[in-house]
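My questions all concern the structure below.
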């Protein structure tokens, strides 16, 4: 599974993307796994209300299932326009 | 006093402007005077709800006083834009 | 603020490009352009009559009202009169504001007032002859929200 | 319908002029342009990051929603990413419709959704260093009216 990070999530974690193996069934489980890895992940995922997630390039909720998903992206609320 | 006519008011009366002498105290009295003149005026002023009036280039009501007014314009509701 | 009443066509692209350009304090620019519409393919053209003097005065008053009501950096109104063919641009308004909601609302306000309070009258000519365009109740109703 | 995501500056005047031009069935065209705003004179520039692939997909989805909801003849969205200076144009939307209310509402809808649902992030740099622009509650609130 590909993980993508944007904006300050990318900066806190220190990389724009990585490939991982995971048994997580939902986004929330994946976030728990990542938080447990290292402080920089714990810092990036400290407050989920300040984060958004997209599964295969569609916005999703944190309780969404990961079955069949190839690309998970984490980022702050968007500020385009 | 100068009277100006626009759009179908101008077409019905058959002229774009004319100068008149009047003792009318209000627009409504002026309209009554004009209606009494000739059929083409009666036709143009048949339905006041389909007409608008401007006094010295500001929109006004038909009961507005004419004291000091130099230019009275009659026309249908506007359709610009 | 610029108000232009003209018989000649105007260059929408150049006007839109120049409007508020170089300003660094305006985050939002909205433009509206009205064109001669031929919904049924039977329109030959349109002639717009206006009331010289009052037209400029009415447009200036409407633009001043918009500036008093919203936080605007600039306002532009251009309106043509005379003969126009289907697809030709009749008029444009443009508003610049720090924030988009002000720019949008002011542009809609300008259009609602311009439609019903500026002395322009449209006459269409087509296969069925000539006819003055009737004012729409919905245009008058649109004023009530302001 | 045209969606453009690009690093290069775009020619707003030429885009506005070309949009819906030659159409005789569209009476109303609305454009919105967003520029890099420097309210306090302390901004050096802005960098916009985006999510290639998802960005185009999100903008297309938003434009399709607008077309399904309003009677539109055409929709244009252009959005830049990368470095920009104060006063530079970041993006534009344009809508063409037979009637002005549709063109205005669709343009506002596009902007409200684009602001909060298209994956762009702004980072400002200035005299006080660099900072990511925070999303505004009012932008999220603006969605509720649709």
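Here are some notes:
Order of writing sets the chain letters: A, B, C and D. Residues in each chain are counted from 1.
Please note the rule applied: a contact is a pair of C-beta atoms (placed from the backbone, for glycine too) under 8 Å apart; a residue touches a chain by one contact, two chains touch by 3 or more.
The shown structure was predicted, so the numbers you read here are calculated from the model rather than taken from an experiment.
Steps from chain A to chain D, taking the shortest chain of touch contacts, total 1. Note: centroid distance chain C to chain D, computed from Cα atoms, is 23 Å.
Our note on geometry: chain A versus chain C, Cα centroid distance of 48 Å, whole angstroms. Residue positions of chain B with contacts to 2 or more other chains are 81.
Annotation for chain D: residues touching 2 or more other chains are 34, 100, 111.
Interchain contacts link the chains end to end along an open line, per the touch definition above.
Two chains count as a pair here when they touch; such pairs are A-D, B-C, C-D. On the chain D side of its complex with chain C, the touching residues are 11-14, 16-18, 21-39, 43, 86-87, 98, 100-101, 103-104, 107-108, 111, 142. The touching residues of chain C, counted against chain B in their complex, run 34, 48-51, 53-54, 57-58, 79, 90-91, 111, 114-123, 132-135, 140. Residue ranges of chain A in contact with chain D, taken from their complex: 4, 6-8, 10, 54, 57-59, 73, 75-81.
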